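Look for chain A in each of the two complexes below; its partner is chain B in the first and chain C in the second.
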Partner chain A sequence: MKFKTFIWFVGPSLFLMLLFIAAPLVSVFLDSFRITQPVVQTVETETCSAGFLQQTCTTTINTVPVIDEETGRVVTTTEWVGWLSYERVLEPRRAWDAIRSFDYNGLMQIDFWAALRFTVMFTLVTLPLVIGVGLAIALAVNNAAKSLRGPIIFVSLLPFIITPVIGSLSIYWLFVGDGILTRGLEAWLDRDIAMFAQAWTIELLMLFYRVWHVAPFAFVIFYAGLQTVNQDTLESAIIDGASRWDRLRYVIIPHLMPLIVFIALIHLMDSYRVFDEIVGFRAQAYVISLQWLTFDFLAADDAGNRAFSRASASAMLTMIGIVILLIPLLRRTWRDHKGGSH
Partner chain B sequence: MSDIPRAMRQPFALKFGSAAFLAFWCLLAAFPIFWIAVMSFKSPVDAFAASPFDVIFGPATRAAGDGLSILDIVVGVVVLFYTVKLALGWLPRKVVEWAPGGQVWAGWIIGVIGYALGFVLFFFFVLPAVLGVLNPILGPLGNPVLGLTTIHYQSVWVDNQFYQNFLNSLLVTGGVVTVSLTVGTLAGYGLARSGSNIAFWLLIIALIFRALPHSVLVAGYLPVFINSAEILRPILGENAPTLYGQPLAVIAVLVSINQPFTIWMLRSFFQNIPNELDEAARVDGCTHFQAFRWVIMPVMWPGVITTGLFSFLLAYNDFLVTSLLLDATNQTMVPAIAGYFNRETTTTDQVEAVAAAVSITAPLFLLVMVFQRQIVSGLTAGAVKG
Partner chain C sequence: MFAKRLALAGAVSLAATAAYADGHATCSFENETEVTMLSAAFEAWVAVTDAMVACGNFEPELDQEFRTKQPEGFAANPSLYQLGGVSNGTITPLLNAGTIRPLDDLIEAYGENLTPNQLIQIDGQTMAVAMMVNTQHMMYRSDIFADLGLEIPTTWEDVLAAAAAIQEAGVVDYPLGATMASGWNLAQDFNNMFVGFGGTFVNDDNTPNVNSEAGLAALDMMMRMTEYMDPEFLVSDSTYVQQQFQQGRIAMANLWASRAAAMNNAEESQVVGLIATSAAPLAMEGGAPATTLWWDGIVVAANISDAEAENAFRLAMEGINPATVEAAPDAAIWLIPGYEPNDMSAGAIATATANPAPPSYPSTTQMGLMHTALGNELAAFFTGDVSAEEALAAVEASYTVAAQEAGLLE
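Entry: the complex of A and B
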């Protein structure tokens, strides 16, 4: 295919990606170093009220935004502020003080560090669980009668396909104050239970939700992989006296290894972006994630203001994590490309 | 059993353990969804009752006069069974029979819409009227046994005007699927047929873009979208639009966010279509575009449908982008449900929120039922070949 034809085919897609992915990245990068805010002026007003012999006067100094005479809009200025937005997000001095005095709770008082801790913990804990549960379901389905497999796959796909916010809500309603499972647990353990009153129970439910949501994806891929296991290798392993466990360990898992790597990569990327659970479980008072932090800066507060520069700074900090995550993958792809296997 | 070699035969404990695990998983997978569906049909007292049987049978709902008798349940199940049976056997035959050649897809759209409308009319209007007459006559068979009320759905869809959010969701998802498939198929075909270095690097860049958190991108859009009228005024003049709150702008954003995934997936589908096919067309004198239009397009539909399903899911399930870029007047369904959180003070509000959640889930449920095979093939296509 000639280069010109290729560009005609790829052009529209490339244009969209440049305009809506690459350009915003550049603008976020620039925005993280500058702040746009309304110009304010101090106005001295003297209010007097009638009094005996002489008036009582009070002078108050108010800061009011300057309003453009022609358009009636608030005048804003944009200035370059260097690392100021980053400092406001990271609060390095407070964080360093907390680290030096081994004050863990002090460090967790700063939103960014709390979000970072949760995001990393969440990513690392769910990864082995998703792969393990997915593989277990795939092996069990492979073991089941053929006529049952279709319905089982149908039921398994439900948690994967459901809207993440709704999925976490459906689990939230089971465990909410008078939800059925809370009532059940209370009757069983004979004590009051409030699942959404402290951080660790919410985190537990979020971990459960994510495994519930993603395990079907791992299952479907592993199940497809299991169909292509070389039967001859399996048979020779049996002849050599390999036990069931040995066959799983030395034949099936090595065969599935590329798929395990693939799922691990996709899962790392996706769970690093954990966000919908925080909305569904209404966890923002106890637990937040990096993506939620940016969302919170971007959402309008009660006065209708949005903290764009802090949002940009926290977005850029989130990006650093993604870059670290992707470097091994990119190095491997580059090696493959150089090796000519492509 | 005898054709299975002895070493492959499984001990009873293993078989039993594997079956038990599978049953447990199915229960776990379906239970939360099944439970919110049950809750949404009950009065608040029943929905949050202490005993699970009260939630299922709904005594308080029944006491309020809303319930199904044994007759209702039997007739309902029979009607549902025949609906599904007709939809799978009779409907496709009629569509193929009546649609003019070459326009079968249009026949399908009209047929499915007509069938769905007929079902809704019969099931929700004709049937209740007939059963309302029959129930009192039959005595014990006609007494309500299962509490069930649709009042929460009525207040969500009619009183709270959820149908507007539904229409917005329809607009956004429809737009995203159409545009992203049109743009993505061209790019996927180009990438699959070009072995050049640029194609490789484009795919790698797309992979990096796929990993980006959406909030990073939205942080880039939001300031520009809010001030777009002023930014665009020098170019477009007085009627420069404010992009914030525009469904069209959200469609463009979601299409672009989805593009990396779409082109990877379509590329892997196109690689499965043999190269000889378009080479033969080229030998016969077609240009690349003609080969694409007349040779590739007729055989590419399985891949396009699968990719379209995943585009649909992304647009339909999105919370972050739509909640930040759309304002309250044209909100889609998923962010709109967040509005219930703030009002959720009484248990009635909670059950209404549950009903809204079930309303959002129902189309997805149908989607899995109809397209299960395509979804599975889509999931594995990316992994096994890519």
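Entry: the complex of A and C
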């Protein structure tokens, strides 16, 4: 293809990618190195507020932002602060002290490291489960009678259709307090159960929910892949005396390998940004994720301030984490790609 | 048969809705322009906005997440909402950003029903009109207390003793409930106990002051409370505690006065007539009740035209006039003329009139930052990950960073 034609084809998408991916990324990158803060003044204010019977007035020294008379907006200053926001997020000195003295609990008291611990654990545990369960459903459907396939596919796809935050809320309501499933478990095991009173049960529910939610996606891809397995190879394998397991191991899985890598890539990117589960399960007292940490910095506090700078730093760190996780898979794809072009 | 019954039920509910609307169709002011309002979602706001809807062209948005939506909504130009429902906690960001307007002229013109007590004044300018007061106070199952021959607790030590007796008797799942959901609620419960032990949150130079004797005493008391509570207390917000009461699962809690009316709502409560209220317990002898006083009221956006503001204010006055109190006398402890205290408000009144009286929740930037820091860091103490000292040190560290970013500290 001529270079000019090529540019005409990819130009629009390149432009949109620059506008919507590269530009925001650069702006977040810059924001993580500067802090915008309001200019404040200390004033003595008399506040009269409603009491039950009569007004009560108190005079307090209050620090309030200066408001520009003309525009009606708060006056702010922006400063370049170097790595300050990263230091505030990572707390390297405290973290290093904790690591040096083998104080795991101390390290987990720093939000970022606690979030990183959960996020990485969540990503790495759900990955094999999603691929395994997806493949198992695909094989089961592929071996089911033709007349049953349609309904089975439909039912297995349902979890994937549900909006993640709604799905996690449903699980939360099934288990919180005297939820219907907690009641059921209590009756069955004959003991008091509180699923949201300790971290490990919450994490277990989150893992379960994510696998339940994403496995159908893996299933659909694998099912499509199974339709392209070379039947001749399979038949000759049967003639050679290969068992069902051997056929899976030496014929089907190698054939599906590119798809497994593809699903692993997508899943790593998705689950490293785990967020809905934390919000849906109201889990922030016990478990937080990196994406939730960024959200928490961005959310206005009770004085109306947002920690944009720390949020930017935390977002950049999340991105770096995803890239590190993806490197082995990307290297493999790159190698295959190069090998294929010979 | 089933379809017929369903149709009948539909007809009945339609009739009920019509009757309900009739009861509120008393608006004396025909509203011509579109007005929107964002407020919290508890019963008092439902009553007020219902009255305003009767005037036409009014769209209320009742949302418990209003706290996070309001500052941005009002900062837009023109403002996304003409009216806002705020409390002394949530007015702070609006005051700081200057997105609400002084109301003195409008009150002079249209506020003939207002009493001086309803005017929230900052340096002599009225920035909000309060309609009700709110506080967290003791609610308890009077039947259980009578059956077991227990005294009504006046201090938190009494509460724990009563909780132990109720636990012993095994009449409810958990003797005690508390609004200790991590985040805002947990921080507010700490605030109550902290002021009860005589603590002050910040020093005059804006440095934090919670890692103190009062702070340790407050955390210790709260930890002792959790022994008698549902182990899932870190997800237990006001609605959760209200439902625990309504379903007969707890026997007492220090809960918002605005939730009292729901206890006698026969549609959702199994304990109608069994809940009584009393003053918030003392944390220490001779101290004030361990709670803070709140008001809820209406503000008008700054980023709208004067004509719109005038119209919106007149509509708001329809919402908080005596007719609303008449329609929903038990929904709140109204500041509006015509309110008669009932049995359920006894606890709030006893709390507010105690001597020494509990402080009002301060509407300051420092308090806003401190509240958020407390909400984020205290949960680790209740999950058992850190000691009380470590948790309070973490609160102070978190407050300090936030205060530095907000320009309050160097």
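Please note the rule applied: the second predicted complex is superposed on the first by the 275 of 342 C-alpha atoms of A that agree within 3 Å, B and C clash if a C-alpha of one lies under 4 Å from a C-alpha of the other, contacts with A are read in each partner's own complex, and residues count from 1 in each chain.
One rule holds in what follows: a contact is a pair of C-beta atoms (placed from the backbone, for glycine too) under 8 Å apart; a residue touches a chain by one contact, two chains touch by 3 or more.
Just so we're clear, the structure is a prediction, and the values are computed from it rather than from any experiment.
Of the two partner chains placed by superposition, only chain B is touched by A:G225; chain C is not. With both complexes placed on chain A, chain A has more residues touched by B than by the other of chain B and chain C.
By the document's definition of touching, of the two partners only chain B reaches A:P164; chain C does not. In the superposition on chain A, no contact is made by A:I253 with either chain B or chain C. Using the contact criterion defined above for the overlaid structures, shared-chain residue A:R282 touches chain B and also reaches chain C. Of the two partner chains placed around the shared chain by superposition, neither chain B nor chain C is touched by A:M121. By the document's definition of touching, both partners, chain B and chain C, reach A:A299. In the superposed model, A:T47 makes contact with chain C only, not with chain B. After overlaying the two complexes on the shared chain, residue contacts for A:F196 are found with chain C alone; chain B is out of touch.
On chain A, the patch touched by chain B and the patch touched by chain C overlap at residues 176, 178, 282, 299. Here chain C touches chain A in the complex through residues 67-68, 71-72, 88-90, 92-98, 116-124, 130, 133, 181-184, 186, 204, 206, 230-235, 240, 249, 293, 295, 297, 302-303, 333, 335, 348-349, 352-353, 360, 362-369, 371-372, 376, 379-380, 382-383, 385-386, 390, 394, 401-402, 405-408, going by the rule given at the top.
Chain A meets chain C in the complex at residues 35, 37-40, 45-58, 60-65, 67, 72-74, 88, 105, 108-109, 176-178, 194-199, 282, 284-286, 296, 299-305, 307, 309-310.
Within the complex formed with chain B, the chain A residues making contact are 1, 3, 5-6, 8-10, 12-14, 16-17, 19-21, 23-28, 31, 36, 136-137, 139-141, 143-144, 150, 152-159, 161-167, 169-171, 173-174, 176, 178-180, 183-184, 187, 212, 216-217, 220-221, 224-225, 228, 235, 238, 244, 259, 262-263, 269, 272-273, 275-276, 279, 282, 290-291, 294-295, 297-299, 306, 308, 311-312, 315-316, 318-319, 322, 325-326, 329-330, 333, 337, 342. Those residues of chain B that touch chain A in the complex are listed here as 5, 7-8, 10, 14-15, 18-19, 21-22, 25-26, 28-30, 32-33, 35-36, 39, 48, 50, 52, 55, 183-184, 186-187, 189-191, 193-194, 196, 198-200, 202, 204-224, 252-253, 255-257, 259-260, 263, 288-289, 292, 313, 316-317, 319-320, 323-324, 334, 337-338, 341, 347, 350, 353-354, 357, 360-361, 364-365, 367-369, 372, 375-376, 379-380, 383-384, 386.
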